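Across the two complexes that follow, chain A remains constant while its partner is chain B and subsequently chain C.
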Partner chain A sequence: MLPELGQISLILSLLMACLLACMPLLGAQKNNSALMQTARPLVYAQLFFVVLAFGLLAYSFTVHDFSVAYVQRNSNSLLPFAYQLSAVWGAHEGSLLLWIMILSIWTAAVAIFSKQLPDKVVARVLAVMGMIAVGFISFTLFTSDPFTRAFPVASEGVDLNPLLQDPGLIFHPPLLYTGYVGFAVAFAFAIAALIDGKLDAQWIRWSRPWTNIAWAFLTLGIALGSFWAYYELGWGGWWFWDPVENASFMPWLVGAALIHSQAVTEKRGSFKSWTLLLAIAAFSLSLLGTFLVRSGVLTSVHAFASDPERGLYILTFLIIVIGGSLVLFALRAPNKDESGQPFTAYSRETLLLLNNLLLTAAAFMVLIGTLYPLFADALKLGKISVGSPYFGFLFSLLMLPLVMLLPFGPLTRWQKDQPSKAVKLLAPWAILAVVSGAVSFFFLKDSGFKTTGGVIAAVWILLGTFAFISSRFKNSGKRFTAEMIGMTLAHAGVGLFFFGVLMTESLSIEKDVAAKPNSTFSMRGYDFSFEGVEQVEGPNYVADRGTVVIRKDKQLVTTLYPEKRMYASGGNSMTEAAINSKPHRDLYVALGEPLDDKGSWALRLYVKPFIRFIWLGALLMAIGGFVVSFDKRFKRRNANEANP
Partner chain B sequence: MSTRFLPLIAFIGLALLLFVGVRMNSGKDNSAIPSPLIGKPAPPFSLPVLNQQDRMIKTDDLKGQSYLLNVWGSWCPACQIEHPVITELAKSGKVKVVGYNYKDETEAANQWLQQFGNPYDLILFDEAGRVALDWGIYGAPETFLVDAGGIVRWKHVGPITPEIIEQEILPLLESKQ
Partner chain C sequence: MNPTRIRRIWLIVLLLVVAAIAGTLITFAMQENMTYLFTPTQVKNNEAPKDARFRLGGVVCEGTVKRTEGTLDVSFSVTDRVNQVIVQHEGILPDMFKEGTSIIATGKMQGKEFIASEVLAKHDETYTPKEVQDAMKKAKELHTKSCGAL
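And now, the complex of A and B:
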């Protein structure tokens, strides 16, 4: 009975979304305020029914209602409670429901926090978000209904994919989706502006915090996913340029570009068409990401979520949404003569334009690399896989100028400035960065060019960002706005991120060993002693658990217990790597295979210097994004001219 | 004026490509929980051939033709169950079947082959199970399908049945042609 109720409320939410997509839009067109005012109540009603449906599905999981096919396939009576809840979005149908719920929450948030905007704008923005909801709810209902009953009813569930039984999964998809869906707000604003025919700086200012928050969530989601892959998959890597990872990285890159171009458009009125196009692109790439994950067009580690049957539906939806908005853009984008205040060759506008070009070029490069195998396959050029050499090389090539120019941005004035001023401020730090790079090259053991690059990038960005703080501080009387603090944090995060990446890439050591009980292996001054493997039992699995004692200079550092789990419900084994982490290094042990019956095992040992800086940097970027959105200027009705 | 249409034109190209991709993929079964290797190149290895310890086979030597990599050991009872099925598939000539003798001894392996028959084109001999780590092999039997380009397309844990051949392996092989 309850699952049917869930289905009915999903149908009702579709109805609400359909009304929301039409009535306010019609009202805005005809200047009918009664019709425009239907928008907010419809948004709340849609949210209510979606949350109800989601709650009922979650309830079916907690009571082990295996008559619901989706529950039967993804849960099991032995599954721990937290995973019963996260299993709601552990597979295709439920994760779509989660997507819809997050979209409804964002839409409701827009409805609540848009009181100061003209009715017409609100009506159009909410209607566009309603259209997106129509697409996703009907997709769920018609192709992937999570409430379908199974017959005959099984007495036990299949269990959640063991790969997904991890705290990382509880948060990874919701964070990622919140980021993806958040770009829908900027998108809806762009579409509303295109329909209206004019782009007001005030709307841009209003949509900026939304973009920042969405981007910050996406940052957290991607970082958590990367961290999850690092400790759960047992490969010891943190990024694999896998198609699905790329699918989330493209909107991130374009979103980062959008954050910067929105700032220019809001403050200077320039780049209007470009900002609109980026807003469309960021959300379109989010949709494309969903398509790539859900359709099975590209194979990847995430293939558990895919089904080609549904691909055609999403593709149709994709063509309507993206194609439609690009047609609108082509017909109605602002003309060149409406563009904002002029700027000279060296100005903050120019630097931000470069930032945008580099970030979108990087996104484009990722897009090409991700789709090239499909392209080659379609043209019968043979099966090709594009690997990390392509991505790594081109990405570094594009990021190099970005890192070099980053400290100049905040130190340069809008419209017109003397390059010599910023150069004078930054020169001592640049010299210091190069010197510390050289020191690391000659004095750090096993260092190479990448190590040097990492040290230079980190010192340069951190000190360059510090130079901005100190110069701002010296020009007394000028406060630090939330926008500046957020920017500073995010930029420092970029520095730490590149430091972590380059140090890990250049200094990591990996060893595969055949370990007899009580044998010892030395790496980078750490002695790994393997003491043997025993059987242990978890709630829904049994595991082989190894014990590895790690010492440095005869001093005990830590004892690690890597596991290899066999889940009771299925034949899949999972590697649970054991990691000891300090800021300057991770010690990582993964259990391989038993080698004989005398207790010998294959072990994978890693020492990974500074790998935590990768996620620390990402965390700082995300915090920066959140902080910026608290800037007081965004709450005001009129532009604040006091801020340069 | 024309530059405003550029994004639209680029997107139309992209949509066409994705449409072709969806069409190529329909009918493919992605429901099984895949190995992380699926869609990736077979891991690089160099293994001796059973009974010819000085003949080493590398990943690239197997390229150019799709093959089924069947992991077995004389110590593995489930391998005996699937062996007639594997034998019949190999005899049908629909796919090259490569054996992967896992943590076994030469003598025991040979005796087992004598008793149950040797359908394999070639048997790789991984005595220590060291290369198996890279393949993500947990036990025997396990079976991989690798295409002509050396990309792992499919993996199965547990014995192969005639249904699995009919419903999973053969469709995959046909879709490749």
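And now, the complex of A and C:
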């Protein structure tokens, strides 16, 4: 009975979304305020029904209602409670429901926090978000209904994919989706502005905090996914340039560009069309990501089912959204006489333009590398995979100028400035950065050019950002706005991130060994002693657990217990790596397989210097994004008002 | 010509040059890092490259996985149920590597054997890579469990 209720409430939410997509839009066209005012109640009604449907599906999981096909396939009675809940979004159908719920929450948030906006804008923005909801809810209902019953009813469920039985899964998809879907807000604002035909700086000011928050969530989602792959897949890598990772990275890059170009458009009125285009691109790439991951075009842990009907539906939806918004853009984009204030060759505008070019070029490069194999396959050119060196090489090439120019941005004035001023301020720090790079090259063991590059990039960005803070301090009277604090944090995060990446890439040691019991292996001063493997039992699995004692200079550092688990529900074994982490290095041990009957095992031993800085940097970037959105200026009706 | 027009022409020339450089770089980087997928039958028919790296896809043939005791050396046969190729690998095999499941190995031919530097089997029966699935369509029609000709 309850699953049917869930389905009915999903149908009702589709109805609400359909009304939301039409009535307020019609009202805005005809200047009918009664029609426009239907927007908010419809949004809340849609949210109510979606949450109800989601709650009912979650309830089916907690009571082990295996008559529901989706529950039967993705749960079983031994599954721990927390994973029963996260299993709701553990596979295709439920993850779509999560997508819809997050979209509804974002839409409701826009409805609540838009009191200061004109009715027309609110009506149009909410209607555009309603259209997106129509697309996704109908997709779920018609091709991937999570409430379908299974006959005959199985007495036991299959199980949640063991790879997904991890705390990482509880948070990774919701964070990622919150980011993806968040770009829908900037997209809706852009479409609303295009429909309206009036493109003042105002609408950008309203959409800026939303973009920042969405981007921050996406940052967290990607970082968590990377962290999860690092400790769960047992390979010790943190990024593989896998198509699925690329799918989330493209909107992230374009989102980062959008954040910067929105700042220019809001403050100076320049780059209007470009900002609109980026807003459309960021959300289109989010949709493309969903399409790539969910359609079964790509195979990976994330691609749940290959169903041509689903793929075709998303593809059609994608074409309508991208094609429609680009046509609208072509017809209504602002023409030249509306462009903003002029600027000279050396100004903050130029630097931000370079930032945008580099970030979008990077996104484009990732797009080509990700889509080319798909096109080649479709055109029968052979089955190709593009290796990670392609991405690694071109990405570093594009990020090099970005890192070099980054500290100049905040120190340069809008419109017109003297390059010598920023150079004078930054020169000592640049010298210090190069010197510390040289020191690391000659005095750090095993260091190479990448290590040096990592040190230089980190010192340069951190000190350059610090130079901005101190110069701001000296020009007394000027306060630090939330926007500046957020920017400083995010830029420092970029520095830490590149430091972590380059140090890990250049200084890591990875060794696969055949280990007899009580044998010892030395890597970078650490002695790994393998003491053997024993059997242990977990709540829904049995495991082989290895014991590896790690010493440095005869002093005990830690004892690690890597596991190889077999889940009761059957299927494949799972590697659980054991990691000992310090800020300056991770020690990583994973069990391979038994090699003989005398207790020898294949072991994976890694020493990964500074790897935590990668995620620490990402975390700082995300915090920066959140902080920026708290800037008081965004709350005002008009930027020129002295106090809100 | 007026100065605005000259400036605009320069801008266009500059953009073209940048685009050309970017295009060349992308093409080169891509060519260098592209690996094609081949099936054992294609390898037998000499369609796969002799000296370049490529990916070999197929099923791990039942009863062919052999370890050299006490080392990480392992050898096994990969089949598309029509032909098979012997693969040599040194390292730890992924969790989902099992006899009878599909894998993708990356490496080079050395004589008649494939020396794999990487073996991927991220996918169980439900998550077989599409490329391998296609390659094995023929095999499915044969309804056989044999590993094919060496």
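In this text, the second predicted complex is superposed on the first by the 631 of 644 C-alpha atoms of A that agree within 3 Å, B and C clash if a C-alpha of one lies under 4 Å from a C-alpha of the other, contacts with A are read in each partner's own complex, and residues count from 1 in each chain.
Following the convention adopted for this analysis, contacts are C-beta pairs under 8 Å (C-beta built on N, C-alpha and C of every residue); 3 or more make two chains touch, one makes a residue touch a chain.
The structure displayed is predicted, hence computed values, not measured ones.
Asker: Look at where chain B and chain C land on chain A after superposing the complexes, then choose clash or fit.
Answerer: clash
Asker: Does the superposition put A:Leu394 against chain B (first), chain C (second), both, or neither?
Answerer: second
Asker: Examine A:Leu595 and indicate which partner it touches, taking first as chain B and second as chain C; both and neither are also allowed.
Answerer: A:Leu595 contacts both chain B and chain C.
Asker: When the two structures are overlaid on chain A, which partner does A:Met365 contact: first (chain B), second (chain C), both, or neither?
Answerer: The second partner, chain C, only.
Asker: Please indicate which partner A:Phe329 is in contact with in the superposed arrangement: first for chain B, second for chain C, both, or neither.
Answerer: first
Asker: For A:Leu26, select first, second, both or neither according to whether it touches chain B, chain C, the two together, or no partner.
Answerer: Touch partners of A:Leu26: none, neither chain B nor chain C.
Asker: With both complexes overlaid on chain A, does A:Leu52 touch chain B (first), chain C (second), both or neither?
Answerer: A:Leu52 contacts neither chain B nor chain C.
Asker: Please indicate which partner A:Leu374 is in contact with in the superposed arrangement: first for chain B, second for chain C, both, or neither.
Answerer: After superposing on A, A:Leu374 lies in contact with chain B but is clear of chain C.
Asker: Who does A:Leu402 touch here: chain B (first), chain C (second), both, or neither?
Answerer: neither
Asker: Determine, for the superposed model, which of the two partners chain B and chain C contacts more residues of chain A.
Answerer: Partner touching more chain A residues in the overlay: B.
Asker: Could you pull out which residues of chain A sit against chain B in one structure and against chain C in the other?
Answerer: 296-297, 299-301, 303, 306, 377, 382-385, 512, 514, 571-573, 592-593, 595-596, 602, 604
Asker: Residue numbers of chain B touching chain A in their complex, please.
Answerer: Touch residues, chain B against chain A: 4-5, 7-8, 11-12, 14-15, 17-22, 24-28, 30-31, 33-34, 36, 38-41, 103, 128-130, 132-133, 137-138, 147-149, 151, 157-158.
Asker: Inside the complex, what are the residues of chain A that reach chain C?
Answerer: Those in contact with chain C are residues 234, 296-297, 299-301, 303, 306, 361, 365, 368-369, 372, 377, 382-390, 393-394, 397, 512-514, 516, 571-575, 592-593, 595-596, 600, 602, 604.
Asker: Considering the complex alone, what residue numbers of chain A touch chain B?
Answerer: 161, 163, 233, 235, 273, 277, 280-281, 284, 291, 295-301, 303-304, 306-309, 311-312, 315, 318-319, 322-323, 326-327, 329-331, 333, 371, 374-375, 377-378, 382-385, 512, 514, 564, 570-573, 592-596, 602, 604
Asker: Looking at the complex, which residues from chain C come into contact with chain A?
Answerer: Residue positions touching the partner: 22, 25-26, 29-30, 32-37, 55, 67, 69-72, 90-93, 95-96, 98, 122-124, 127-131, 134.
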